[in-house]
Amino acid sequence: MSNSLQYLIRRLGFYSIAAWAALTLNFFIPRLMPGDPAAIIFARFRGKLTPEAMIALRETFGLTDGPLLLQYFSYIKSMFKGDLGVSIAYFPEPVANIISTGLLWTIFLAGTSLVISFIIGTLLGAIISWKRGGRLDSFLPPSLAFIGAFPYFWLAMLSLYIFGFKLEWFPLRHAYSDDVTVGLNIPFIFSSIYHAILPATTMILVSLGGWMLSMRNTMLTTLGSDYITLARAKGLSSWVVMLKYAARNAILPNFTGFGMALGFVLSGALLTEIIFSYPGQGYLLLQAVRSQDFPLMQGLFMTITLAVLAANWFVDIAILFLDPRTRK
Amino acid sequence: MSKNLISIKNLDVKYITNKKPVHAVKDVSFDIKKGEIFGLVGESGCGKSTVVQSIIRTLNPPAIITNGYIKYNNKDILSLSVSEVRKLRWSQISIVMQSALNALNPVLTIKEQIIDVFITHKGMSKFEAVEKSKELLELVDIDRDRLESYAHELSGGMRQRVVLAIALALTPPLIIMDEPTTALDVIIEREILLKILELRKSLDFTILFITHDLNLLLEFADKIGVMKKGELVEVDITKKIKLGGEKEYTKKLISSLPSASGKRGIEFFPEPNLPSKTGIPMLEMKNINKEYLIGGFFKKKTLHAVKDFSLRIFKGEIIGLVGESGSGKSTIAQLITRLETQTSGSILLNGTDLKRNRSKNVSLGYRKKVQMIFQDPFGSLNNIHNVYHHLSRPILRHNIVPKIKLEKYIYKLLESVELSPGKLFAKKFPHEMSGGERQRVAIARALSVKPDLVIADEPTSMLDVSIRMDILRILAKLRNEHNVAILFITHDLASARYLADRIIVLQNGKKIEQGIAEDLIQSPKELYTKQLIAAASPGWLENAILEQ
Amino acid sequence: MNKNSILKRWGRGIIKNKKASFGLYFVSSLIGLSIFGPLFTLDPTAFLGAPLSPPSLEHFFGTNGQGQDVLSQTIAGARQTLLVAFTTGFFVVIIGAFIGGAAGYYGGKVDDFLSLIINVFLVMPGLPLMVILASWLPPGPLTLAGVLILTGWAWNARVIRSQMMSLKGRDFVLAAIISGESNSRIIFVEIMPRILSLLASSFIGASVYAIGAQVGLEFLGLGDVSTVSWGTNLYWASNDLALLTGSWWTFVPTGLSIALISFSLTLINFGIDEVTNPRLISEKNWKKELPDNTLNNGVTPVVRKNV
C-alpha cells in the first residue's frame, strides 16, 4: 500500500500548488490591474464607506505602504488563519462568516445534483453504447445535447416561470420555507428537499448529456478491446460482460474527467442558485458583484477553489480503489 | 476414419463499411477431425482470424456472416439462437487469443476472470469456483497464489499461460488458438508449445491453430490450410504441404522460408562481400551504456537497456544485429540515429566523436550521413502527404540536387527501388499502396540523401512472407550499387544470415556473440545462439520433445 | 493536392454528412443574420412602445422593460455575442496548440512545467475567477473575451498535449527528425495537419463554452450593460423582474437563439466525429443490412441470402 500512499501524497502536493496559485492570483490580480488598486477602490466607494471600513478594506488586501513582498507574506499569513477580511456589503461582518452560512447549502444542492447527474449520465452512456444503433441511442444524444445547449440559468428561469410561477408546483425562492425551524427536524428536511427539487432537476438535465456522451465514447473504445471479445467468447451473459468487463473499465477515465470538469460545471450551478435566490455561494457571488464587494468575491473564489480541490482528492481516492494499476 | 468434429462449408463473411462491403472470407470449406491439430496459415489480413471467430460468432460489428454452414458435431452453429450460442461457447469451444496482455482485463484479478466461467456454466458456488481455479493454474505451472494478481503483475509468458488456463477451464473438445505465441520470444514460445502438446495428451482436445508462421505449423500440425485474401488456397496433410503442396501460392510460401540451418541457399543472394576492415571505421560505438529511469515519482528504477556495447561499421558493410524483443537492439538504433542519448560511452563518425548533445540538436551533416528504415511502413509515412513530399523534403533540406532536377531525381530514385513508373508512384498517398510498396518508398527516402549508413530496423517483419525476400534483395542490391553500409536489425536469424556479412547476437542489452555470418550459423559458440538457431531450424519441436 | 488526400476526403465527408451540414447551414445563417439583420430591424436601443407589452403585430416578440423591441434586440445582440465567442474560440485553440503542443512535443522538464500550469488552471473554478477579473477590468467585449480566454484555454491545451504526446513518438515523426527536418516544420507541417479535425472541433467546443460563459457573466452584470448582447438582454430581463411580471417573451427569444446556435455548433462537432471515425458510419450501415431489430448482443449475425 505504500505506493498508494505515495500517489495520494503526490496528488496532495499538486493540490497545494494549485491552492497556492489561487491565493497568489487573488493577491496579484488587484495589483496587476491598470491603476493603483487602492485608488480604484477609493474612487468607486467615495462617500459610500465609513473611514473604518476603508481601513479594513486596505488591511484585507494588504494594501499597506510596505514593500510588495512584505504585503504578500502578511496576506498569506492572514489567509492561513482563515481571515478572509471584512465584507463591504455586509460591513463589518467578516467574509469568512458570510461564506460559511452559504457553504453547506451549495454543497447540498450543487454537490448532490452533480453526483446524481454523473451517475445517471454514466449509466445512460453505458446503456446506449451497449445498445448502440437502438432507439435510445438515436434519441438521447441529440436531445440531451439540445437541452445542454441552453445556459444553466436560462433553463432555470424557464422552469421557475413554468413550474413555480404559472403552475405553482414548486416554491419560487429560497432553500426552505419561513415557517420551519432550522435544525434536524422532519419539517425542515422536507422543506429543504422540496425547495431543492426544481433547481437540482434543471442542473441535472443540463449537465446529463456531457457525462453520457463521454461515457459512451470511452465505452465504444473499451468494447473494441480483446478482453471484451474474450469475455463474450466465455459465454457470459450480456449483463455480466457489460457491467463487470466493459463499464468497470470505461468509467475510470470518466472519473478523472469528473474531477477535472468539476470547476467548470460548478459555475453553472452557482448561476442556477442565483435564479432561485438559493442562499448558497452563487447568491453571495451576485451580492458581491452588485455591491462591488471585492473581499467577498475573493473569499468566495478561495473557498470554492478549495472545495473543488478537496472533491478532486476524493476522486483520486476513488480511482485508487477502482484501478489496480495506480496502486502498483 | 474418425468423425468430423467441426465442418465448415462455403463460409462467407462480409464487413460492412461506408462504401462497398469488404468480402473478408470467401467460400471457405474445411473439416477438422476429432483429436486433430489443424493449422490455418496466412498473411495478416487474409481472413484467418475472421474464420475462427465466425465459429464462436464473436466477430464484432460491422461483420455479417452471409453464407455457409459451420457444423459442430453435425449441428449448425450458424442457425443457433443467441442463448444457444452462449451455452456452446467455452463449454464446447474455447479460444486462446493472440495477445494475452490485451485479452486479460487490466482492472480485474486473474481470479475474477476465471471463476465467472465456472459460475456461469457449471453453476458453482464462489468458493468451489475459486478452488477449481487454483487447480487450473497449477495445471499450467503457475503458483496458485497468483490467482489474486492482476495482468500487469505477471510476465508475458505467465499471462499467456493464464489465458491458456482459462481456455482449459471446462476442458472443451475444441480449443481455438489464434497466434498464441506470436508476442513471445523464442524460448518462451517453445515452453508454451510444449505445454500445449503435453496437455493435449492428458486432456484430449482438438486444436485449431492460427498463425502467420508456416514454419511453426510444419513442426506439429496434422493438417494445414493455407489462406490468401479471404480464400482457402489449399488444405492438405502437413507432409504434403512441406513438400510444396499443389498450388503455386503454397509453393511460393514454402520456398521463401529462409532457414538458419543446413546449407545456405545461394539462389537467394550472392555470397557476401567482406570489405577490407582497415583504417577508420565509418561508424564506431565504444562501450555504450544506456539506462532508462522508469517508475514513479518517488521510487525510480533503472532499466539497463544496453550494456557496454561496442560496434565498428565500415563503408559498404552489412551487419546483422540479431536479438529478441527487449534485447536492446532498437535502443541501439535510436542511439545511432541520435533519437536517444547514451548514458556513457562514445559514438564516432569517421573518427570524430559526437558530443553527447541532445537528440534534437544534431548537426545536419550527421543527419545526411545516417538514415533509417523503420519496421512499420505505414507508420513511418505520414498519411496526409504523398510520396513526392516524403522524398522531396530530405532532398531539399540537404541540397542533394538543384530544384530543377528534383522531379527527375525522385522518379529515378523510385525506380531504383523497383517502383516504376516513378512518376505514377510519386503522386500516390501511403494508403493507396501495399505494405511492400510503402516499405520501398521508405527505403527510397533513406537513400535520397546519399547516406553512408542506413539503419534498417526489422524492415521486413511487418510485411507478408512472400515479399520479405524482395525487400532483402533490394537492400543487398543497393549496397552493391551505392556502397552504403547497412545495420540490419532483426529478430530473425535466418534472414540475417542471407543479407548480412557479419552477425552480432544480442541478449538483454549485451553482446553475446559475433562473427562472420555463415561461420556463426554453422558453428555457434554460445548456448543462446544455439537456441536461436535451433528455433529457426526445421524439426526443432520434435527435438525439444525428445530432449524432455 | 490530388483528390485522394485525407484532408480532401474529410472535407467531402463533412459536406455530405447530414448533421454537420445541418449545423453549418444554421450557424452560417445566424452569422449572416447577425451581420446584416440589424440593417433591417428597428433601433434596438430606442424606446418604441409601452414597456413589457406582449408579442403583437407591431412587435413580434413584444417589448422589454425599457420599451425596446425584443426582436431587434435579439438580432442585434447576436453580433457582439458571436464575435466574442468566436474570438475566444480562436485564441483558445491557438494558445492550446502552442502550450499543449510544446508540452507534448518536447516532453521532459518543459512538459512537467507546462502541465503543472495547465492542470492548475483546469482545477480552478472558472466562474468565480472570471467574476473577480471582470469586476476589476473595465466592462466591455474586450474584457469578456480576455477573461474567457484566460479561464478557458487549459482544457484545450490538455487535449492537444495528449494528442501531441501520442503522435510525437510515431515513426513518421521520428523519420522526419532523422531526415533532418526542423522542429517547427515537424510540428506545423507533419503533425498539426494530422490533428486538424481535433483543432476544428476544439474551436467549436471553445466557442460554445464562450457563448455560455459570456452570457452568464453579462447576466451577473459584469458586461457593459449599455450595449446590446444576448447576455445583457437576459440581464435586463431579470432586472426588470420578467419572471414576477410573467413577461416570458423578454427572455425566451434570446435563450432559444443561444440554444439554437450552440446546438448547431455541437451538431457540426458530431458530424466531424462521424467523418473522422468511419466506424460509426459502418455500424449504421451494418444495422441496415440486418432484418429485424437485431442489436449488437455479442453474437455475430447470420444473414444467408440464398436460404
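Chains: A, B and C, in written order; residue numbering restarts at 1 for each.
Basically, a residue touches a chain if its C-beta (ideal position, glycine included) is under 8 Å from a C-beta of that chain, and two chains touch if they have at least 3 such contacts.
Computed from a prediction, not measured in an experiment: that's the story for all the values here.
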A-B or B-C - the one linked by more C-beta pairs in contact = B-C
Query = What chain is most central when centres are computed from CA atoms?
reply = C
Query = Looking at CA centres, what chain is most distant from chain B?
reply = A
Query = In angstrom, rounded to a whole number, how far apart do the mean CA points of chain A and chain C lie?
reply = 22
Task = Please compute the C-alpha centroid of chain B, do the same for chain C, then give the distance between them in whole Å.
result = 44
Query = Hey, how far is the Cα centre of chain A from the one of chain B, in Å?
reply = 50
Key: Where chain A touches two or more other chains, by residue   = 232
Ask   = Taking each residue of chain C in turn, which ones touch at least two of the other chains?
value = 283, 287, 296-298
Message = Please output the residue numbers of chain B that touch at least 2 other chains, ranges allowed.
response = 53, 58, 60, 86
Note = chain A partner, complex, touching residues on chain C are 116, 119-120, 122-133, 135-137, 155, 158, 208, 212-213, 215-216, 219-222, 234, 238, 242-244, 246, 248, 251-252, 254-255, 258-260, 262-263, 266-267, 270, 283-284, 287, 293, 295-298
Ask   = For the complex, which residues does chain B have touching chain A?
value = 53, 56, 58, 60, 86-91, 94-95, 97-99, 102-109, 112, 116-117, 120-121, 150, 152-153, 163, 166, 296-299
Inquiry  = Under the stated contact criterion, what part of chain A meets chain B in this complex?
reply    = 3, 6-7, 10, 223-227, 229-237, 240, 244-245, 248-249, 252, 322-325, 328
Inquiry  = Give the list of chain A residues in touch with chain C in this complex.
reply    = 14-15, 17-18, 21-22, 25-26, 29-30, 33, 37, 40, 130-134, 141-142, 145-146, 148-155, 157-158, 160-161, 165-166, 232, 238, 241, 259-260, 262-264, 266-268, 270-271, 274-275, 285-286, 288-290, 292, 294, 297-298, 300-301, 304-305, 308-309, 312
Message = Could you list, by residue number, the parts of chain B that touch chain C in their complex?
response = 15-18, 53-54, 57-68, 78-79, 82, 85-86, 337, 339, 359-360, 364, 367-368, 370-372, 374-376, 379-386, 393-394, 397-398, 427, 429, 431-432, 442, 445, 449
